[in-house]
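Each of the two complexes below includes chain A, the first together with chain B, the second together with chain C.
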Partner chain A sequence: MVHITVKLNVSLRKYRSSLKINEEMPILIPSDTTLAELLEHILQIPAEEVAIHMVNGIKSDMDRILVEGDKVAFWPPVAGG
Partner chain B sequence: MEDASLLRYSRQIHISGIDIAGQEKLLDSRVLLIGLGGLGSPIAMYLASSGVGHLVISDFDHVELSNLQRQIIHGTGDIGAPKAESARSTIEELNPDVTVEMIGHRLSGDELLAQIEAADVVVDATDNFGSRFELNRLCHQARTPLVSGAAIRMEGQVSVYRLDLPDSPCYRCLYPETGELGERCAETGVLGPVVGIIGTIEATETIKVLLDLGETLTGRLLILDARTMEWSVMKLTKDPNCPVCSISPGEAVSNS
Partner chain C sequence: MSKRSESYGYMGVILRINLSSGAITREPLDMTLAEKVIGGRGLASYLLCHEIDPAIAPLSPDNPLIFATGPLTGSGAPATSRYVVVCKAPLTGTIACSNSGGFFGPELKFAGYDVLIIEGESPDPVYIWIDDDKVEIRPAGSLWGQFPVATEVEIKQATHPSAKVASIGPGGEKLSLLAGIVNDNYRLAARSGVGALMGKKKLKAIAVHGSESVTLHDPEQFWKATMDMHKKITNDPISFGSFRAYGTASLVNLINEMGAFPTRNFQSDTFEGAADTSGEALIQSVLKRNRACFACPISCTRVSEVTAGPFKGRGEGPEYESVWALGALCGVSDLAAVTKANFLCSEYGIDTISTGATIACAMELFESGVLSEQEIGFPLKFGDAAAMVRAVIMTGDREGFGDILADGSYRLAQRYGHPECFMGSKRLEMSAYSPRVFQGMALQYATSNRGACHVRGNTVAAELYGIPRYMPPEVMEQKEEMVRRPFQNSTAFVDSTGICLFTKFAITHREICALLAPATGIDFSFDRSIEQGDRIWNIERMFNLKAGFTRADDILPERVCEPSPDGPRAGSRALLQKNLDTYYQLRGWDEMGRPTAIKLKELGLEDWWGVCGS
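So, the complex of A and B:
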């Protein structure tokens, strides 16, 4: 098992409404969990609502395997103007 | 430079790295701005007031009452007028030094490509992913720098894609082109000052690219959550498998 933190940003906060603004969520996940598995299976957030997947401040692919101490953040798409 | 121009631009001429030479360069620059909505309004006004000499601006819409909460280049008396005309009068009042070329229809295909090729920088102030992907693709083809921002509700994102440089990521490295991802401000709402914040950052970055000033947002996506007023920065690298920018036309020829 590995410890990570997850931050749901802006409109994605609706999926964990008990979280305070800016609160990072500590989570214990099985080893070899990918970013995609974290999102859909563990957090149960529809992938299509998330456009930006950041791990430790860097845009990351969904097949990235998460390791101890990773800081994950998700954002929805924004195209308006 | 004439005395009136020295006075008009004196506050920015004082900035290290701009000086008179930089101001003259701005006056000689040509920027293509796509969109005259919430983002495009402050972008056009700040680029014009800063003395970017040649602005080519495209928008095919008419001014509506519901636009005025955020589209500050238009006024109540402009309701019903083409946005291109209404914006022209605001810009000419702001700064008669600027030559404004308004395009009051939807630019696309070869006509859009020709305008991109003629521009020093392209500024994306559109409101949908389809237009954003097309602009990115054509800017990459023309090797023209692209400044791109977006906003909805109380959220915004902005970055710079130096498509004239080989190592820069592009907009397609950030977003996958999978169907209609986004929501529009008309459906979801947007706070006026939030598009203003993102638009003024786009204008700032445009001037920096034109003058090669400081460090732009190239390779960084700046993300705003205005509800908490928290800014995040995400490092963005070139996607080696990006269908737009991973293989340049030159490389494709030399590899064959």
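So, the complex of A and C:
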């Protein structure tokens, strides 16, 4: 098992509504869990709602295996000026 | 091409008003320009080059203010609200092209005009009233000194209840180089100090009322293309989903998480107070509802209010850039204060980005002991929300030290012997994406024709959202071509049509050309649109070259060329010099950044060195 944290942003916050803005949610996950598996099976958030996924501030592939201490963050489609 | 007896899309008329002589004239719009430079940004830049010597002083009476709509402005297709204000920029000395939405641009078309050129200077404050064919220059009287909202109320009473108004606030009246031009109460053609030129001309406002509509060449085809575009926009998760529901400030936590959120005058790239000034925080506290521009389904404008406390107020915004410039850049995490400062900028009619950046520069100078409390009037430290708001007010009023702040951070930093504290390029301050992290933005800030502007080539779309395709921010390869064509050239095209750039997440040039062709009866096509964007970019570049800018000005501050001190991308820095030469080559320019003879011939600008004030 590994300890990671997860941030859910903007519209994705509805999936864990007790979280404060930008709060890191600690989660214990099985070793060798990928980002995709975290999203689908553990967090149970529809993949089509997520446009940007970062691990430790860097955009990562969904098949990346998460390790101890990883900080994960998800965003829906967003943009700015 | 054959001469048409009627104008389609375009109104076919330029209105010229000389405030020195009082002369009011109408000229037919040369329709051969439509194919070359379209309208809006392209047309106004072309006209400016024929009107003035780019070397003149920006506040000279010979510098015209050109208000230009595009052929789609006012047509009723989605998001067709846009117009531009073009002149030689008071803040930078480059070409200025400030873009705004709302309802003013469409009303100018409904009154029968594509372009309005204001020349000369009035001896006394005036406003212009355009009511279809009837055009008057009227004394401004007690309007002078008023905020834009009150100005609009009073002018409507004196003219027409449905008049649309563009005006300057006290910032423009006092010739602040941070001043923009306000329309429809809260929208701004903000950057480059265009409001200072309007103030110098003693022109308080322009009120327009029109009873025509835009005539379409092929209405059936136009409306078919409109329905197609409407569907694409309203199905798009960014244009419709994100902008409508969350506004642009939804970016705050994202850019901060990446370690690309410039903080405390670009001294670092992460801000501990980001969450407090994020889009999520805005929605929970100050946001009231949305507002839309003319014909826009996106409705991205935030209408907001701070209901209690020392920063009570109401207005529109703040957007991402404003939340950043008045927030993280100044080290301020108090959302009520940032929102209030944003409202104040609208009231004074000054640009939030340059104002926030100038205050941040002053904060750095204060904290390093260069500026004293006595000189400023109070301590001006990073993170002091009340001091930041006070600084905005004194800047807008040009009171005390605000008289120096009102001319921007370039002049502030120079005046106090610390030019390295100016965070911009060509005297225009950078915006809310760190060039240490986004290599595309580094090149964009350094080469943008109006100075360090983000919006004229917002490569974050590719470097983060993956539109048109994902290119990691730290990667340099192929960035030069990406900056040049799908960003800089494409934006120049879009800015010339009258449609809003925020549609571009949902649609491409093809959908815009699918509107332009049936609207105008002119052969607008995807291939031509690429060439037109390139031509417009080069016209602006030529203006700047003639104004005295050189390769030496295509630079970034030293600070961002040094390693980022914090965040997940600590150590990264802007690698500009490595890709500037490649960028010039791809642009068809020589090693000094000047368009070659071959390039000029390709664009049909062979005689261009002879244009511009010869």
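The criterion applied here is as follows: the second predicted complex is superposed on the first by the 78 of 81 C-alpha atoms of A that agree within 3 Å, B and C clash if a C-alpha of one lies under 4 Å from a C-alpha of the other, contacts with A are read in each partner's own complex, and residues count from 1 in each chain.
We take it that a contact is a pair of C-beta atoms (placed from the backbone, for glycine too) under 8 Å apart; a residue touches a chain by one contact, two chains touch by 3 or more.
Remember, it's a predicted structure, so these values are computed and weren't measured experimentally.
Student: Could you tell me if A:Ala79 is touching chain B, chain C, both of them or neither one (first, second, both, neither)?
Tutor: Both partners, chain B and chain C.
Student: Applying the document's definition of touch, where does A:Leu28 land relative to chain B and chain C: first, second, both, or neither?
Tutor: Neither chain B nor chain C is touched by A:Leu28.
Student: Touching A:Met1 in the superposition: chain B (first), chain C (second), both, neither?
Tutor: neither
Student: Quick check for you: in the superposed arrangement, does A:Gly57 touch first (chain B), second (chain C), both or neither?
Tutor: In the superposition, A:Gly57 contacts both chain B and chain C.
Student: Determine where on chain A the residues touched by chain B overlap those touched by chain C, and list them.
Tutor: Overlap of chain B and chain C footprints on chain A: residues 9-11, 21-22, 51-52, 54, 57-59, 73, 75-81.
Student: Using the touch definition from the top, list the residues of chain B that touch chain A in their complex.
Tutor: Residues in contact with chain A: 35, 37-40, 125-129, 132, 149-157, 173-175, 178, 181-185, 188, 190, 195, 198, 221, 223, 225, 227-228, 230, 232-237.
Student: Within the complex, which stretch of chain A touches chain B?
Tutor: 9-11, 21-22, 48, 51-52, 54, 57-59, 73, 75-81
Student: For the complex, give me every residue of chain C touching chain A.
Tutor: 237-238, 241-243, 245-246, 248-251, 253-254, 257-259, 274-276, 278-281, 284, 319-321, 432, 454-455, 458, 460-461, 464-465, 470, 472, 501-502, 505, 567-569
Student: Under the definition above, what is the set of chain A residues touching chain C in their complex?
Tutor: Touching chain C from chain A are residues 7, 9-11, 13, 20-22, 51-52, 54, 56-59, 73, 75-81.
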